[in-house]
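What follows is chain A paired twice: with chain B in the first complex and chain C in the second.
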Partner chain A sequence: MKRLRIDSTVIVLAILVLVIAIGAILVATVGRSFFSPGNIRDILTGMSVLGLVAIGQTLVILGASLDLSVTYVMSLASLIAATTMNGNPANIPWAVTLTLLVCAGIGLANGLIVTVLKVNGFIATLGVGLILQGVLNTSFQGSAGSVPWAFQLIGATGIGPVPISTLIMIGLAVVVWWLLGRTRTGAHLFAVGGDPEVARLSGVRTKPPLIVAHVLCSVFAGLAGLLLASRLGVGSPTVGQQGGYALLSIAAVVLGGTLLLGGRGSIWGTIGGVAIFAVVDNVMSVMQVNPFLKDVVRGVVIVAAVAVYSRRAIVRRRARFGPGGTRTGGDAAAAAAAPDMVAAAVALEAGAKDTGANDTGATDAAATDAGGEVRS
Partner chain B sequence: MRFLRTLVSPRGAVFLLLVILLAAITILNPNFADPGQLMRFIQRVAPIAIVAIGQYFVIVAGEFDLSQGSLITAQVIIAGNLVGQDDSRTIPVLLLMLVFGAAIGLVNGLITTLLKVPSFIVTLGMMLALLGAVMWWTGGAATGNPADSFRQIGRGGIRDLPLIDFLPWSVLILAAWLAIGIWITKRPLGKVLIAVGDNARAVRYAGARDWWVLTRAFMISSLSATIAGVLLVGYAGVHPSVGRGYEFIAITAVVLGGVVLGGGRGWIVAAVAGAFVLEALFLLLNIAGVPSSLRDAVQGVIIIAAVAYSGVAFRARRRPRAAPHASPDSGKEPDDPAGESARPSASPALVGGVTPAGPATTTARPDQIRGD
Partner chain C sequence: MSDVVRDTVLRAEGIGKSFFGVTVLSGIDLEVRRGEVHGLVGENGAGKSTLMKILAGVHAPDAGEVWFEGERVTFTHPRQAMDAGLVTVFQEFNLLPERTVAQNVFLGREPRRAGFIDRRAMISRTRELLTELGVTFIEPTARVGSLTVAEQQIVEIVKALSFDARVISMDEPTAALSDHEVELLYAIVRTLTARGVAVIYVSHRLKEIFDLCDRITILKDGALVSTDDADALTPGELVRRMVGRPIQSYFPEAIEGTTIGGPRLELRGCGNDQVDGVDLVLRAGEIVGVGGLQGSGRTELVEGIFGVHGFTRGTVQLDGRPARFGSARSAVRGGLALVTEDRKAQGLALAQSVLDNALLVVRSVFAGRTRAARARVPGILSSLEVSARGSDQEVRFLSGGNQQKVVLAKWLVTDPQVVLFDEPTRGIDVGAKIAVYQLMRELAQAGRAVLMVSSELPELIGMSDRIVVMRDGRLAAELPAGSAEHEVLAAATGTTEAADDVVADPRVAEPGVADPDPSGVGKGDAP
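After this line comes the complex of A and B, so read on.
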C-alpha cells in the first residue's frame, strides 16, 4: 500500500494559492481589490529582494550549510555600489562589477572557512557577518554615495504590472534551476549536502561544490544589495540588518521544502515560500495591521506553513533508473545480471549461516542501515 | 602535566582561551585580579552563562533555540509591567514568569517533536511572534520600573563578606543553575539528549520517548532564558532591547565550549566556560581601547579562529583511532511514508535474496529492547 507522495513544491504552491485566496477575501472586506495591477506590482516588488537572497540561501542550505552574513553583504554591496557610482551613469558597469567581485570574495572566504577550516557554517558566517559589521562601522558613518537615475530605473520600472527587478530574480532562478539540475556542480552539491562522507567515498570532491554555493550565495546577496541601492538611491550601512533578511531567507527556503540538513530541495519551492511571505506582508499592509502584530502573524505563518507538510513529504529524489531517470543505459545489463546476483547472494547467505544466526542478523541490519544512509 | 595536556586538548581549548584572556585583562588592568572585581565580572557573565546552559541542552540534542533572546525581552517587559512598585507582587510575578517560560519551551518542543517542524523554524517563528506580541501589548514602549525587591535579585547580594566583600545573588543563581545542569547531564535525561543528538532514529528504536526528552530540553532552555531575564531586569532595567541577540551569543558560547552543532557531543561546563570567554573577550576589547566600531570585527575573527582551532585539535586527536566518521544526523528527516519504512538497500533483488525476513528482524528488535 503505497501512499501517494506529493512533491513538496506542489504543496508550497497549494499553500500559496490558499494564502492568496484568504488574502483576497480579507482585502475585499476592507473594500480593496487584491488583484488590481497596483497591488500585484506591490507583491512582486516585495518578492524581488527577498527572492534574490533566498535563491542564494537555497544553494548554501542544499549543501548543508547556512549563510547568516547575507544581511551585512547586502548593506556593504549597497554602499560600495552607491559610493562608486557617485551619481555618474558612466560608472554603473564598473560599480556593479566591483560590488559583485567584493561579494564573491566574501563568499569565497565563507566557503573556505566552512570547507577548509571545517567551521560550522552557522558560526563561520556569523563571524564573517560580525567582521563585515566592523567594516561597515569603521568605513561608513551613515548613508553614503548616490545612485544615478539610470540605475534607479531598474528598481522602479516594470513591464505592465511586473517589475524589472522581479523578472531579473525569476531569470536568475531559472539559471540556478539549470545549475542544480543539469550541471555536475549541482549534482555534487546535492550529494555533498546529503552526506559528505558518502559523497567523498563516491569520488566527489566535497569542497568545490560548497565553496561555489557560498560564493553564489554572497553574489546573490550582493545583487539584492544593488537592488536595494537602486530603490533607495543611496547606500545604507543598515539596510540589510533592518530587513532581517538572513533569518527570513532561511525561513523562506525551509518553507519551500528544502531540508535544513541539506541534500534535498528545489529552487521553485523557495520562490513559492518567498511569494507566501510577500502575499502575507501585502495583505497585512493593505489591512493596516499594527506593525508589531505583523511580526506575530509572520511567525505563526512560518511555523504553520512548514508544519502543514513537514510530516508528509520532502522533495522527491529524481528517479535514477528507467525512463526519465538521471541514469540512462545499463538497465538492461543490470536486469540480466539480477538472477546471478540473487544466486550469489543466496550462496553468500549459506556461507554466513555457518557463522551463526546472530551474525546474519547483524549484517542484515547493517545492510538495511547502509541503504538508509545512502537514501538520506 | 595531564592538566596541561587537557588544556591543549579540544575539550580544554576553551579553558585555555579563558586563562589567556583573563591573564591579558589582568596585565592591562591589575585591579581585575581583586576578588571583588572578579565577583563583579562573574555577575556580569551570569545571564549569558545561564542562557548558554539552556542552549547547551538543546544544541547537544541537535536542535536550535533561537527564541531565547525574544523570551528574555518578553520576560523583562512582563516584569516591568506586572510587578510595578508593589513589593508584594514580586513572588507571584516571578512564578508567573517561570510558568510562562516553561510554557513557551513546551510549545517549542511539542511543535518541533510532534509536528516535525525543524526547530530552527519553530524557534525563529517563536522569536518573531513573542517579540511582536510583547511589543503589541506594550505599544512599543517598554514601561514600568519593577519594585526594588525584584531588582535586588539581579543587582543585590550578600554584603560585607570577608575576602570577596560582596557576593551577588546572580553568582549564586548561576552556581545553582550550573549544578542543576550538571546533575541533569548525569541523569538519564542528559544522556538520552546526547544520544538523540547523535542518532535520533537509534534512540527511537531503543524505545526512548524522544519527543518528551526533546521537549524537556526546550523547557530547560526557556527556563534558562527566564532566569536570565530576571537577572537582567536587576541591572539592565526594563527596555525592549534587553536580551536582543542573546540567542546568537548563547549559541556562540556553546560552540566555543566545543559543543558540536548538530548534537551528540559536548560538555556543559565547557559551554559555560564559552560564555565566560565571550564576556572576557568583550571586557578585554573594552580595556584594550579597541575602538567600539572595530569590536564586532575582532569578535568575529576570534570566534572563527577559536572554533576552527578546537575543530582542528579535535580531529588531530581522533585521527589515530581510525577516524570513525560521525555521520550527519538523519534523525530529523521527516518520517517516511508508509510502505518505505523498511528502507530497502539499492537492489531490492539482492536484499530479497539474502534475507527474506530481513525487515522483519530489524523491526522486531526494538520491541525486544523496549522491554519495559
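After this line comes the complex of A and C, so read on.
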C-alpha cells in the first residue's frame, strides 16, 4: 500500500496549529482573546519548565532509554540553589554551578547504571529517583533557602510578551538541535537508539552517547529546577513531583513524534508537543474547566496523537508476493526505480567495456548518460 | 572470467569452529585472488555463513589462520576487518532505516571540521561513491527506510567501498531482488572486480554463481569439498558435490496396513504475501515432505495452512468441505496441528510444567475437554517415552529431544487429523528423532495426513512418500519417494541437468522460469 510519509515534526506542528485554532475559537466564545499579549505570555511561561525537562528527556529517549528521576532532580536542584544562594546575589554564580554539577553527577550515575550495569533505563532511573526522594525527605522538612530578587527576575521578566525563561529554553533547544545534527555524539545517539548492533558493527562505541544523553537530561532537569526556584523564591523538596514532570515530559516527547523505542525523533517535535500541552492547559484555565477534566483531556490528546503515529507501521517481514512485492517502498517506488537501475546497469557495462576500470572519467560520463536518459 | 592469474589477497588456512561442542567448520582452506569473484556454495548448514562471519571478525576461529594482504590477521571486532579493507555485506541489513544514506555510509566515521560533522563533505563523498557505481538515482540525503531493497543493498555496498575495501563478501545479496535489480548488482560487481576488488559471493542461486564467479568453493557439512575454476564445473556437477553422504540415520518403514486414502486437506491456488500459487493435496496415510532452501517459503507455507499468517488467495478444503483458517485457533478447531520450527520460542511455555504444556492447546481451544485430556496425558507421555522427573517438572530443564516430545504430546491430546511438522528433528538426539519418525508413521497408519518440512535431505528422502520442493515462495517441483539428494537440491536451487549447456551464455534466463529475459530489459531501454 502506498503511503505518503510525512515528517513527524510536520504532523506535530499541524496538530499544534489545529489545537491553537480550536483553542482560539473556544476562548473567543467566553469573550476573551487567545492572542492577547497576556495570554501568550501565560502560554509561553507554561512551556518553559516542561520544555527544559522534555529537551533532556528527548535525548535519553532517542537513545532508547528513559529518565524517571527528573522530578526528584528538579526538587533537589531547587533546594541546592535556594539554600546556597541564601538570599545573597553574590552567591548566584556559585549556586548555579554547584546545582548543575550535582545534577550532572546524578545523570552520570544514571548513564553508568544503564550502560555499564545494563539495567533497563526505566528501572535504573526509578531506583535513582527513589534514592533522591529518600534524601530529600530526610534532609528537608519543607521549603528551604531563599532566592535573591536578582535571580527571581529570570522567572519574572520578559521581552514584550516573551518571558526570558522561554527564550533560554528555546536557545538551549537550538544548542541540542545542533548537537544532535552536527556532532558525532548526536549521530551515534540516533544509531545506538535505533539499533545498537548495527551501531556496534559500524564501529560506534555504544556507551558514551547514552551516558552523555543521561548527563544532559539531568542537567536540563536541574535547569528546570533552577527556574522553579526562581519563580517560587525558595527551594522545595516536592516541587518536581507536584508537577508530575517525569511522565508529562515523556508524554510531550512521544507527542512530539519521537519513537519511544529510540532512534527517531527531533527536538522541534518535542517543543511542539510541549506547546500543545501548554495551549490545551491554557485554554482550559481560561475557560475555568474542572481541573480533573484537564487530565482527561491531556490523556485523550496523548493517546490520540500516538495512535496517529502508530498508523505508520514498521515493516517486519518483507512481502514476496502481492502489493509491495519485495520492496520496502512499495510497488510504485520499485517501478519508479526500475528504469534508473536498468540505465545504470547498461551504463556501467558500457563503461567497463570501453576503457576498463580505473578510468573513472569514463564511468562518470556513462553515469551522466544514464542520468540524462532517465530525465529525457 | 579472465585468464590472468592474479595474486592472492586473502587466504584462510585450516579454519575450524565449533559452537557448544558441535563442530560447524573444520579444516577450511580458502584463497581469494585480487579482482576475482569467488563463489561460496553449499547446502543449508554447510557452514558458509559461519565462514563469512569468521572472515569478517564477528566470530573468532577455534583453529586456523587468516592472511590478508600478506599479513597474518586476527580480527576481534568487525570494525577492525573493515578498516583493514575486508568488508562484509551481511544478509540481514546493517543499516539504520531512520537515518539518511550519507549518515549510514559514514556511521562511526563521520567526517569532521572544527569538531563538528562536516555534512557537506559527508554528502558529497557519498555522492561520489554512488556515482562511481553509476548510481545517480539515490540521493545521499534520502532516508534509508524510504529506499527499495535493491537500493538499500547498493547503500550497503557503498558503505563497504567507503572503507576502501579490497575484499567485499556478500551473503545472499540477491535474495530479495527482482531481475533488473540483479542485473545492476551484476554490473556493480563487475565494476568492483575491474578495479581490483575481490568479491566473495555467497548464493543459493547457482545461475548467479555461474554468471558471476571466476572460481567456486564448495562446502559440505562444515568441510571443504573443492575449489575450482567456474569454467571447469557444470551446475549438475556442482549440485552433486554439494550433496551425497552415507546414510547413517535410521528411518522406520511405513507400518503394515498403512494405505494412502482420499484427500484430507486440499489447497488450490493458495497464497499470501510470502507464498504464491500453492496447489497441494495431503492424503490420508501419506507423509508429504517439503524441501527447499532456507528462505524459500517453507515455514511460511505451513504458517499459511495453519492460519498463523493465513492465505489471502485460493481455496482450502478439509475433508472435502471448504475451510478457511484465519487464525491458529480456527485451524486447531478444524483438526490441524503445527509442530513449529522454533520449539523454545513457539512450541513451549518453558517455565511451565510438562503437564501444563501438554494441556496448553486443549485448555485454550477445547476447554470443555480438559478433564478427559488430562486423563490421557500420562499415557501419551509414556508412549512417547518422555523422560522427565515427573509431569510437574518445568520443561526448560528437559533435553531438546524430550522437549520436542512434549510438543508432540501437546498436539496428540487434541487428536489432530492433519499434522504439520516444521523441522521436527532439529537439534534433538538420535533416539528422539526416531521417536518422531515413528510417530509420523503411526499417524499415517491411523489415516491422518502428515506434512513435514525438513532441511535434512536424508530425512526428507527417507521419510516422505512424496516430496514437494519450494523455491522463492512457490512449489517448484514434486518428486517421488526415494528421489536422489541432488535431484531435490537441483529443484531447490533452480538448476536442471539441462542447464549444463546454458552455462556458456550467462545472460540466458533460467529454463522453466517465466520471468522476462533480464538482458532483454536492459537492451530495450538502452540508447
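Brief remarks on what is shown
The rule is simple: the second predicted complex is superposed on the first by the 307 of 376 C-alpha atoms of A that agree within 3 Å, B and C clash if a C-alpha of one lies under 4 Å from a C-alpha of the other, contacts with A are read in each partner's own complex, and residues count from 1 in each chain.
Methods note: a contact is a pair of C-beta atoms (placed from the backbone, for glycine too) under 8 Å apart; a residue touches a chain by one contact, two chains touch by 3 or more.
Note that the coordinates shown come from a computational prediction; the quantities given were computed from them, not determined experimentally.
Within the superposed three-chain model, A:184 lies in touch with chain C and out of touch with chain B [touch as defined at top]. In the superposition on chain A, A:340 contacts chain C only, with no contact to chain B.
In the superposition on chain A, A:152 makes contact with neither chain B nor chain C. Of the two partner chains placed by superposition, chain B and chain C are both touched by A:195.
In the superposition on chain A, contact of A:143 is made with neither chain B nor chain C.
Residue contacts after overlaying the shared chain place A:203 against chain C, while chain B stays out of touching range. Once the two complexes are laid over each other on the shared chain, residue contacts for A:302 go to chain B alone; chain C is not touched. In the superposition on chain A, A:348 makes contact with both chain B and chain C. Shared contact residues of chain A with chain B and chain C: 5, 195, 259, 338, 341-343, 345-346, 348-349, 360, 364, 367-368, 370-371, 373-374. Looking at the complex, you find that chain A touches chain C at residues 5, 181-184, 187-188, 190-191, 194-195, 198-199, 201-204, 259, 263-264, 317-322, 324-329, 333-334, 337-349, 351-352, 356-358, 360, 363-364, 366-371, 373-374. Note for the complex: chain B touches chain A at residues 66, 111, 115-118, 120-122, 124-133, 135-136, 140, 248, 251-252, 255, 260-262, 291-301, 303-304, 307-308, 311-312, 315, 325, 327-330, 332-335, 337-340, 342-347, 349-355, 358-359, 361-362, 365.
Against chain B, in their complex, chain A makes its touches with residues 1-3, 5, 64, 113, 117-120, 122-124, 126-131, 133-135, 137-138, 195-197, 247, 250-251, 254-255, 259-261, 290, 292-303, 306-307, 310-314, 338, 341-343, 345-346, 348-349, 360-361, 364-365, 367-368, 370-376.
Listed in rising order, the residues of chain C touching chain A in the complex are 58, 77-79, 82-83, 94-99, 103, 107-110, 112, 115-117, 119, 131-137, 145-152, 176-178, 180-181, 183-184, 186-188, 190-191, 194-196, 271-276, 297, 312, 472-473, 521-523, 525-527.
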